[in-house]
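Heads up, the next two complexes both have chain A, just with different partners, chain B and then chain C.
Right after this comes the complex of A and B.
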């Protein structure tokens, strides 16, 4: 017999995160109050180290754990987006959450789960990745135990998260039941060679898996938990989970649906397209009437997930590539916007109302201008990164015959202009008030985050080619070309 | 011998009962129990399929699911306790600080 190869290289970034979290928890034992802000910097170093090894792993595809985990270009590209969002969780976390070793470890574990999910190619590892990412996030959502909204967010996230995991799990059971296999490659082979026990099992499995991940991706009509959870969670956690979870769930959806279940045989495409259209229209319409900045960004996040799912519905290599580009673009724009919200809000999130942004440009010009750039990018105005992102998705949708999807994108974008531009208008409207609802200074790390995200939004918007080259490799990687 | 399809039907029934329970019940503990019922219904499916294909993957899956479910219960109960320590009734409809 042959023992399965473990190959630690295939999970090197994950190992770094895990080691950092253990060191942080261990150090906390010797701190006088068992907490300590400094540990936040340790988490930061761990994430930076994990980012640093990504280019080294890019050279070769590593397969680990007997084929359960693959560290290919697709996984590494998604890992980059996930790690950037984890970086933001640490940079922004210093002020609002009073981080200790617990915060550091939970963020690192959630990021670890997300990274496992993007590189998992067996049903078992996919399920484990999904749960390892979810469990720490439930706790993180309720991290500010002194705030009613934070506790409520944790509760709602927990119930909806566990519920959706159950649905997802049932989908995995049907995929296993249809083929008797757990690895995605053998499931695909079994389907292509018609070795399936019952065609209906495949359809049910694909549907349940799609619905389970739709909860995580926040697609309409499985989105009800999102606004409350995004509003109630501490802002750094919201920034982290809005981007990280989407990147991870997108990765899983691509690997399971577009790669393992050929759309010609298993008919998941209409379901995904339907969810995409519903999400685009409803998400944008619901964002119109929000008065709280975080809640508005939550609905905007729902709408953005709609664009992402159009890329999956296109079911082509181009679609997958466009979706990946959009994940990276969304990471920069969205974390940037949340970073400004975090920089403006103090310990207790005073001033999260959109109305309090009036006249911001005259008091805090740097933050106001940055916020303007992020909101315009989310509205996909050129030359910011949202524009090429949406252009690629539109292109992918049209070239695979999804004209209706393309129309939905355009209509959704038109609606979104209103709610993205309203805060911009407010910020540049002169206000008579001399008293600002915001604390006078922000932590320097918040400014660093805003700066990094601003640079990404501008550079990738003007030169999208920097990213499209590597992404092409990534697409080839998952299609096994 | 009982045909394997019977187990699948039973599992689907249990899963549906769990789903309806989550949607209908308003007590978080009962909702959580319904979710556990869903997870365990899935376990039954996995075992059935493992029997059908006579391979071990389904059994391994069930062990993992049970482990993860235990972790989920620990975290879930902790959150439920934190939320309802300051309230009289455990009812999710009272969690309405945020709207819109």
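Right after this comes the complex of A and C.
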């Protein structure tokens, strides 16, 4: 019997998260319920420890479990974005969800699944990573069981998620059926040597895999669940899943398309480009009509996913690098915006209506100014991080000949200005009302989150070179350079 | 000798089960007939020395897939009475379409059976003595597919904690 070399270093961040979650569950047995929320700090420590080992692992590519998973620069860069969003889930979660051990463990497991999804290079592990990501999020979406909207979110997410998992798995089965291989690299080898049983199976497989991940990325027309789920879920969970899931699904899509199926580019590139254009136009148009802040951010998230997919459609090193930069940029701006929403809303999310932001700048200047910065960044106004992010994607699209994609980005961005700037205008309009719909104070951790995200948005906006250098290595990791 | 008797018994039960799926008036009865059919198929796999397939047939199909069926049935029928009370649950041209598809399937299967080259396909599928045995499966699980195996453990952990959270009486523990 040949036991595979496990190499724990290849899954070190994952092991840290898993260990933390199990410790949290054990401590909860001996902790009185009213102190359960303190476990959130344990989760925080676990995520920080996982972030701390990332630079250590950066030095060398680690392959584990007999080649089923790799910890390369690409995986580590995506892990960083995922862990930052998990951090936000813990920091923001203290107030709104009254978390206990279950919240801590579920967030850690979802993050674990996301990280597996970006680093697995074998079909079975990729699918299981998707499941480890999805199952905790279904529960987390319904974490506020006293609220009907939260239960509705959980139910919708569960049903749509189950369908998308099934479609994804069916696609993987086709890829396996066509080539007889489960590892991404050997699928490519089999395709190149014409060892495939039927080319049609390969095309069906690639299409179904793309659709399955499109559900998770919230691409039009697979986006219908997004507004209700993002609105109904507790805000910390929404912040976490909007960023973490996108980072993970982006990672998996890039790996599958560029490592396993580069030979099928003529088939999948038009499909991905079509989805991107549809998503950019529809997401931005639908966001115009929203009156609820979380719903508006949900549609904006759909549109933002469109930019990410343009980066994949460009199918170049430049494109993958630009997409990775945008994932990190999106993490800072989007989590920041949700952090402000969380800081402003009370236990029951009163005041998530955009109208209630009127005159906010005169009552809560710090939060209003921060929100302004995040919204302007999402609208990609320089010198904030959204601008270089979108610029890199635009450059990648143009240099690979995707002029139509570039036009779609520009049109989408122009539409988006309206709905990103409207809340800004409202916040700085004097309101007659003295009665604020918001609770007077926010938990200090919410302010910390807003501060961290603000710093990221500003620093990376002014000095994008800090990130593009390391990301270049990550791109090389994907293309095996 | 014994195996022949068992084969005919299991085959008869499988056909009765399949008939039950079609003829039962209540979807839940249909689903339960399917369990009978799958269990009988499991016995047939055992007769063919495909131990692992037999176990999977019972565990995955009769167990997990059936639970999914029943979940969907209860989800779709929530709040309605039995179909018979509801009256028209029947689709238009139901018998016609079912007969048509049944006929197509029969022709396809019959064509494949008649045209099959039994000896060469037998040789092609014979992947070695231990293939499909529980021992071979276990070896693959703990060597080649170790990471998926470990991840499945995490999936189960998530499911257990998630279900406990969702199923717990709230308000009593949360203030």
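Simple rule for what comes next: the second predicted complex is superposed on the first by the 473 of 481 C-alpha atoms of A that agree within 3 Å, B and C clash if a C-alpha of one lies under 4 Å from a C-alpha of the other, contacts with A are read in each partner's own complex, and residues count from 1 in each chain.
Here is the rule we go by: a contact is a pair of C-beta atoms (placed from the backbone, for glycine too) under 8 Å apart; a residue touches a chain by one contact, two chains touch by 3 or more.
If you're wondering where the values come from, they're calculated on a predicted model, not measured in any experiment.
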| query | Looking at the overlay, what does A:124 touch: chain B (first), chain C (second), both, or neither? | reply | both
| request: State whether A:18 touches chain B only (first), chain C only (second), both chains, or neither. | output: second
| field | Touched partner set for A:69, first chain B, second chain C, both or neither | value | second
| query | In the superposed arrangement, which partner chain does A:142 touch: chain B (first), chain C (second), both, or neither? | reply | both
| message | I'd like to know which partner A:116 touches here: chain B for first, chain C for second, both or neither. | response | second
| query | A:451 contacts which: chain B (first), chain C (second), both, neither? | reply | neither
| task | Have a look at where A:470 lands relative to chain B and chain C in the superposition and call it first, second, both or neither. | result | neither
| said: Residues of chain A that sit at the chain B interface in one complex and at the chain C interface in the other, please. | reply: 124, 128, 131, 135, 138-139, 142, 145
| request: Report the residues of chain A in contact with chain B in the complex, numbered from low to high. | output: 123-124, 127-128, 131, 135, 138-139, 142, 145, 148-149, 151-156, 158-159, 162-163, 165-167, 169-170, 172-174, 176-177, 180-182, 197, 227-228, 231-232, 289-292, 295
| Which residues of chain C touch chain A in their complex? | 139, 142-148, 150-152, 154-155, 157-159, 161-162, 164-166, 170-171, 173-175
| remark: chain C partner, complex, touching residues on chain A are 1-4, 6, 18, 25, 33-34, 64-66, 68-69, 98, 102, 105-106, 109, 112-113, 116, 120, 122, 124-125, 128-129, 131-132, 135-136, 138-139, 142, 145-146
| Okay, in this complex, where on chain B does chain A touch? | 8, 15, 18-19, 22, 28, 31-32, 35, 38-39, 41-42, 45-46, 48-49, 52-53, 55, 57-58, 60-61, 64-65, 68, 71-72, 75-76, 78-80, 82-83, 92, 95, 97-98, 100
